[in-house]
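Consider the two complexes below, in which subunit A is the common component and subunit B and subunit C are the respective partners.
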Partner chain A sequence: MNLTTGFTTITFSDVWHVMAPELIMILAGFAILLFDLFVSKGTSRRLSPWLGVVTVIVAIVLVIRNFGVVAAEGPGQLSNMLYVLDDYGNVFKLIFLFGTLFTLIMSIDFFKKNPLVAVPEYTYLLLFGTVGAMTMASAFDLITLFVGLEILSISSYILVAMRKGNSKATEGAMKYLVIGSIASAFVLYGMSFIYGITGQTNIALGGQMIAQMWMEMQPVLLLGFLLMLVGFGVKISLVPFHQWAPDTYEGAANPITSFLAVVSKAAGFALIIRTFIWGFAREFGELYIYLAIFAALTMIVGNVAALAQKNIKRLLAYSSVAQAGYLLIPLVTLGKGTNEHNIWLALGETVFYLAGYLFMTMGAFAVLTAVTREAGNETIDAFRGLYKRSPFQAVAMSVFLLSMAGMPITAGFFGKFYIFLGAINTGLYWLAALLFVTSAIAFYYYFGVLKAIFAGETSEEGTAVPKLGLPWSLNLIVWIGLIGTVGLGVFPNLFLDVLNGLHWFG
Partner chain B sequence: MLSVEQFLTLAAILFCIGLYGALTKRNIIIVLVSIELMLNAANINLLTFARFGLVPAINGQVFTLFAMTIAAAELAVGLAILIALYRNRNTSDVRDQDLMKW
Partner chain C sequence: MVEYAWLVPLFPLVAYLLLFVLGRRAQEGVVTAIAVLASLAAFVVSLMILSEVQANGPGAPYMFHWLTVGSYTLSMGYEVTALNAMMLAVVTFVSTLVFLFSKSYMKGDERFVVFYQYLSLFVFSMLGLVISPNLLQVYIFWELVGLCSFLLVGFWYYKPEAAAAAKKAFIVTRIGDVGLFIGIMLLFVATGTFDYAGVFQAVESKNFAIDWISPEAFITLVAILIFIGAIGKSAQFPLHTWLPDAMEGPTPVSALIHAATMVAAGVYLVARAFPIFAASETALTVIAVIGGITAIFAALIGLTQNDIKRVVAYSTVSQLGYMVMALGVSAYVASVFHLMTHAFFKALLFLAAGSVIHALHHNQDIRSMGGLWKKMPVTGWTFLIGALALSGIPPFAGFWSKDEILLGAYASGNTLLFVIGLIAAFCTAFYIFRVFFMTFTGEFRGDKDTWDHAHESGPVMTIPLVLLAIMALVSGLFNSPVTDYALADFLQAGGLHYGAHPEHVSWMPYVATLVALAGIGLAYLMYKTKSINPERLANGALRPLYNLSYNKFYVDEIYHYAIVLPVVWIGRILNFIDKWIVDGIVRLVGQGTYVGALGLKYAQNGQVQTYGLITVLGAVVLLGAAMYAIGGVR
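Let's turn to the complex of A and B:
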């Protein structure tokens, strides 16, 4: 990772070489925007989400091609390491893109049922939000990183508010915006101190300066670190800063909720891990304890608060808060030594869990959409007797919930198992024990839903139970989610081998 | 000649006023203005460090330009959501945003 001095001209081919998937997404986003502006009011906008789906698939192909580029030529970079192309970014980009793809496919059904929603705006904001997430995964400079974070956040604020005339949606969006903006201010204020001490906005150079200055400037650097951690913590809903999550998840449309739960959260982790590994690598032995406290609090409060929930979306929201706690543990283990081996292991654990989380969350939200729409409310009672109405959906939902709880032969089990092993290996026994205990608590509320699905009665004996159908788009997502969740659970080695073969940072 | 400490203190005071306002004010517009204060406090910090920091460099000023643009976009979206909220609920009071709790 060398830096050149002086100015270099950037040509389009340089940019294309490093950020081809992002460019495609941006161009398609603007194409949809212009299409919406210039065609007459009567023209159907139904094409937009399909254009979005095609774009995301092209971007996925380009990201997969980039794996090969990194393996052959080493990591690419743009404009003095403002933006880098490495496999760490590529893996996270794949997770974001698949999340967006599933969100778009689920949205097609959402548009049919809600004709008032502005389809083109929805589609291009989703694309732009994903570009923000991809920027967060690839940024190597505080400025790019902050811009990426804000592109994702601002797009998500609007997407949450997109349900026309829905008071809960605007309320959720407002809460998200106020808390998210305060978080941005914290991040920026923290970054300003780090910049002030190091004089660098580049993360790697800043990290070197931090190592030199650590002894004399420790209080200021620590202040900067904590301010940034608080800001990032809001974005990934760590516990004292998680209160926006249930409200926003409840208010948002189901596809957007799954987008927030998967893409937004994964992007936050991509950002945190890169910033802290490169910026605070040598000091991490002293700093990891703050992350450990947040992880512990998040696991406890997330799981305990979920016990009291009657609304299924809020229950999944608290469960996703708890998952953020589990996902933070691999990063915490780096506090016991940031040698390369540990970093690769921690990254592998995080990405494996995120991939499983992607499949189970998307699948769960697809089933949830069909069930709550039919019932007309979002309580757990909506699932009562689902097994009688639709055995397939009942079984699929059970697999997703058991995977979230961490039942063997599902992706969630192996994800948690690897994180648990990682914590044990690095001697963080108390955190590993806490992971185990809080997972046990989680079984309780997931079983509440399972009980409703299998045992609950909706009608008297003898009367015909109306069957619950599944639109093709939701059906597709449920199948993909099922195959992904069970596949990662039965053959975890296939994916782990791929992860082990990556050139994470080149 | 003002010293670095004075600028940093100003930024810290602005940040705290902004945070206090964002957490306690009842009107959403004032909350948004308070958030703007917090972001501007960070901008003052960045500019101070870019001019008088241990290692003065132009990066801080560039960063500030980006941060100002982003803050403007954020506030614009905030006001747009506020209008939608006002249409739905006919209130811009923070205390009335209680459809969802716990």
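Let's turn to the complex of A and C:
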């Protein structure tokens, strides 16, 4: 990584080379914005989501192409390492884009049922939010990172609030905005300490400076690190900064909830891991303990609090909090040594788990949407007797829940197991044990839902049970979720081989 | 054929997938044909494997590189040892017959196809478990077996008891699974491998990469943890409570769970991993004691139950206790031998009971049965053979294997275990013949309508009964003087030299037979000739004992009050603390620091301030602690 000094001219082809997928997303976002002005409301409502879908697919193709570019030419960069093109960013971007794609497809059904929602705005905000996430995965500079974070956050606040006429949505958005802003303040405050000491916003150069100055400036650098950690912790809902999550998840429309749970969380991890690996690599042996404590707290509180939930979305929210705890473990293991081998392993664990998490969460939310709409409420009781009403949805939901719980032959089992092995490999036995114990607790609340699905009866003996249908869009997501969840669970080695072949940072 | 061992689990898996694709519209005949043929094919392959192992001895495991994690390399694969060659044959044989039997038993059920899907998946999981060459793979299949049992026990999910039983089966066995998983992972940490071979080697050389515990203590710890898994799956005391409840599932499922899959898994695992156990005297003692307690405990409960399936279920718990006890006294061959004979006669008893239940329109209470011998001669005969085998009357299968276990217990020098074994044998003979006499002899005690409709089941049900009866009659000979203890030699060929020929004690067969005959005799006097009135015994001096047995020693109640209720209360208290106290403190702090004045009161409720405050307080605590830790703030 050589940095050239002085002024260089940036041409469009330079930009296109490094951030083609982002550009496409931004252009399409503006196109939808303009398109909305010139066509009738009905047309715009009907076509905007499809424009979004096509854009995301194009962006996915471009990201896949970028894997080839990185393999052939090595990593690319823009404007003195403000923004980089590497496989680390690419692989996270794929997760975001697939998450957004599934969100959009689920939204098509949501739009039909909610005529008040402003479809074009919803669509381009989703695209812009995703661009923010992609920036978080590729930025190599504190300021750029922060800009990405804010683009994603602000889009998300609005998206949560877009479920018009729903007071819970307004409340959830409000809480998300307030807590999210506090978090941004923490992040910025932390960054300002780091910048103040090192004089660098580039995270690699900053990291070098930190290594040199660690001995004399330790308290201030540590302060900067911790303030950033708190801010990031809010974004990925680490305990005790998780409390916005259940309210916000409950209030948001189902597609947006799944977007927050998957894309927003994955983006948070993309940012944290890159920043900490580059910025604090040499100090990580001392710093990892803070992350370890957060991971432990998050796994315990997330899983225990989920036990008491009656609302299915709140339950999944707490479960998603707990997953953040599991996902933090690979990063923690780097505290035991930041050699390349450990880093590749930790990144593989994180990405594998996120991929599994993407499939099972999206699938679960698709089923949840159909079931809760039919029942008219979001309690676990809405699932009573689902097996009678729709065996397919019942089986699919069971697979997703069992995967979240970590049952063998699902992505969730292997993902956890892989993280578990990573922890053992680096000697973090206590964290591995905690991962296992809290997962065992988790079985109990997932089981409550399973029991309702299979055991409950909604109608009297003899009367016909109304069948529960599934719109094609949700059906598609359920199938994709099933194939992904089981596929990654049965043949994890296929995906791992791909991950092992990546040039993460070039 | 050994290199094609993977075919054995593949057949049921393919059957499962085919049935899944066919869906609900498939005809019952087609469905049965697919499932039975797949299982039969698996059985044929198993027999070929068995004969090859018999001829050439077991081969090395077939391993494939699966993935690399850090410095560890994980493999997946399959292997055939003498033990699992035998298991494959037994499991596929019993499954084939159960599949066939189910055609008639489940006839007309709305979810006939689904039933066969689950059955096929269940058998696949069990077979996969059997041929696994490493503990990780065992664990994966182990969980699958548990999941399938959940689905099958709860098959009639609209019955609240069935749903509750399914949940209980899953949760209770998972308690054991937690122990098993910790055991496996500890072994992995210490030895760097999941493979049986590697683990055994490390155990033998006592070479572990662990320093917080001595190697001997480590082996004991791991052995007991693995055994905890077996306690759950094989329904040993104190986790036995799920198995009797699990008979809420359809009877063929009970037959499968009790004979071939699920409960056999626990005993199988201990037998397969026996070198670990053999290296720890303490672990063996624990196993022997748990097995002994289970054997007598369940036998005593079985004495007074009135549900035909429940009696048979408790007899399974008791017989599994025998097997575990045998492993505990290092009578390895005896245990495996009993596992095999028990699979045949227990499947027989369950299917015969199913035949009775089917004929009586799903009535299971033996108090309203009687005189069925006239109506159902085939079922009666086969049940009698099963009962004789279970009681241990020569020359039936149970006699040979139980005799070996008693010999093993006697040879171990632990007289108490031996006496327990004898008493349990007496109880066993008594309760099973109590059922026999009350069901098949005397006058019918139910309503006339049921009696008129009762008839012998069709050939689809009786053929499996007859085949199993034949096995219940002859399978004991596989390890008897008649065949010169062929099974022992066969199992020893695998290199396991544990408790092959316990020294023969000349009086043992006579004592064992006499005890069993005494049990049968007492049952005869009480329930056939009625010369002893059971009512008077139950209501007289023995009343407290009767109640104790009838209420299953109140174990479920004890669990409810000692474990379930406290946990529920702890949950409530935690919730209360979270809701009122933590929130209250934060509010107080909020008042004190005037955060309330930030103008956030327009939010719908006050929580957002609380959240903000907790965030900030969390950050303050974190920073304070960190600064204190590095000595920045004093």
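Keep this in mind: the second predicted complex is superposed on the first by the 501 of 506 C-alpha atoms of A that agree within 3 Å, B and C clash if a C-alpha of one lies under 4 Å from a C-alpha of the other, contacts with A are read in each partner's own complex, and residues count from 1 in each chain.
Heads up, the rule we're going with is that a residue touches a chain if its C-beta (ideal position, glycine included) is under 8 Å from a C-beta of that chain, and two chains touch if they have at least 3 such contacts.
Worth saying up front: this structure is predicted, and the values here are computed from it rather than measured.
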{"item": "Touched partner set for A:A292, first subunit B, second subunit C, both or neither", "value": "neither"}
{"item": "Which of subunit B and subunit C A:V178 touches, first, second, both or neither", "value": "both"}
{"item": "Which superposed partner A:A440 touches (first subunit B, second subunit C, both, neither)", "value": "second"}
{"item": "Which of subunit B and subunit C A:S167 touches, first, second, both or neither", "value": "both"}
{"item": "Touching partner for A:F193 - first (subunit B), second (subunit C), both, neither", "value": "first"}
{"item": "First, second, both or neither for A:K451, with subunit B first and subunit C second", "value": "second"}
{"item": "Partner chain in contact with A:D247 - subunit B first, subunit C second, else both or neither", "value": "both"}
{"item": "Subunit B versus subunit C as contact partner of A:Y157, first or second or both or neither", "value": "first"}
{"item": "First, second, both or neither for A:I380, with subunit B first and subunit C second", "value": "neither"}
{"item": "Subunit A residues contacted in one complex by subunit B, in the other by subunit C", "value": "167, 170-171, 174-175, 178, 182, 186, 247, 305, 308"}
{"item": "Sites on subunit A touched by subunit B in the complex", "value": "142-143, 146-147, 150, 153-154, 157-158, 161, 165-168, 170-175, 177-178, 181-182, 184-186, 188-189, 191-193, 195-201, 209, 213, 246-247, 250-251, 305, 308-309, 314"}
{"item": "Residues of subunit A that touch subunit C when the two form their complex", "value": "167, 170-171, 174-175, 178-179, 182-183, 186, 218-219, 222-223, 226-227, 229-230, 234, 240-241, 243-244, 247, 290, 304-305, 307-308, 341-342, 345, 387, 391, 402, 407-409, 413, 418, 420-422, 424-426, 429, 432-433, 436, 440, 443-444, 447, 451, 454-455, 457, 492-493, 496"}
{"item": "Touching residues (chain side subunit C, partner subunit A) in the complex", "value": "66-67, 69-72, 114, 139-141, 143-144, 147, 154, 157-158, 160, 163, 166-167, 170-171, 174, 178, 181-182, 185, 188-189, 571, 574-575, 578, 600, 603-605, 607-608, 610-612, 614-619, 622-623, 626-627, 630, 632"}
{"item": "Of all residues in subunit B, those that touch subunit A in their complex", "value": "11, 15, 18-19, 22, 28, 31-32, 35, 38-39, 41-43, 45-46, 48-49, 53-57, 59-60, 62-63, 66-67, 70, 73-74, 77-78, 80-82, 84-85, 88-89, 97, 99-100, 102"}
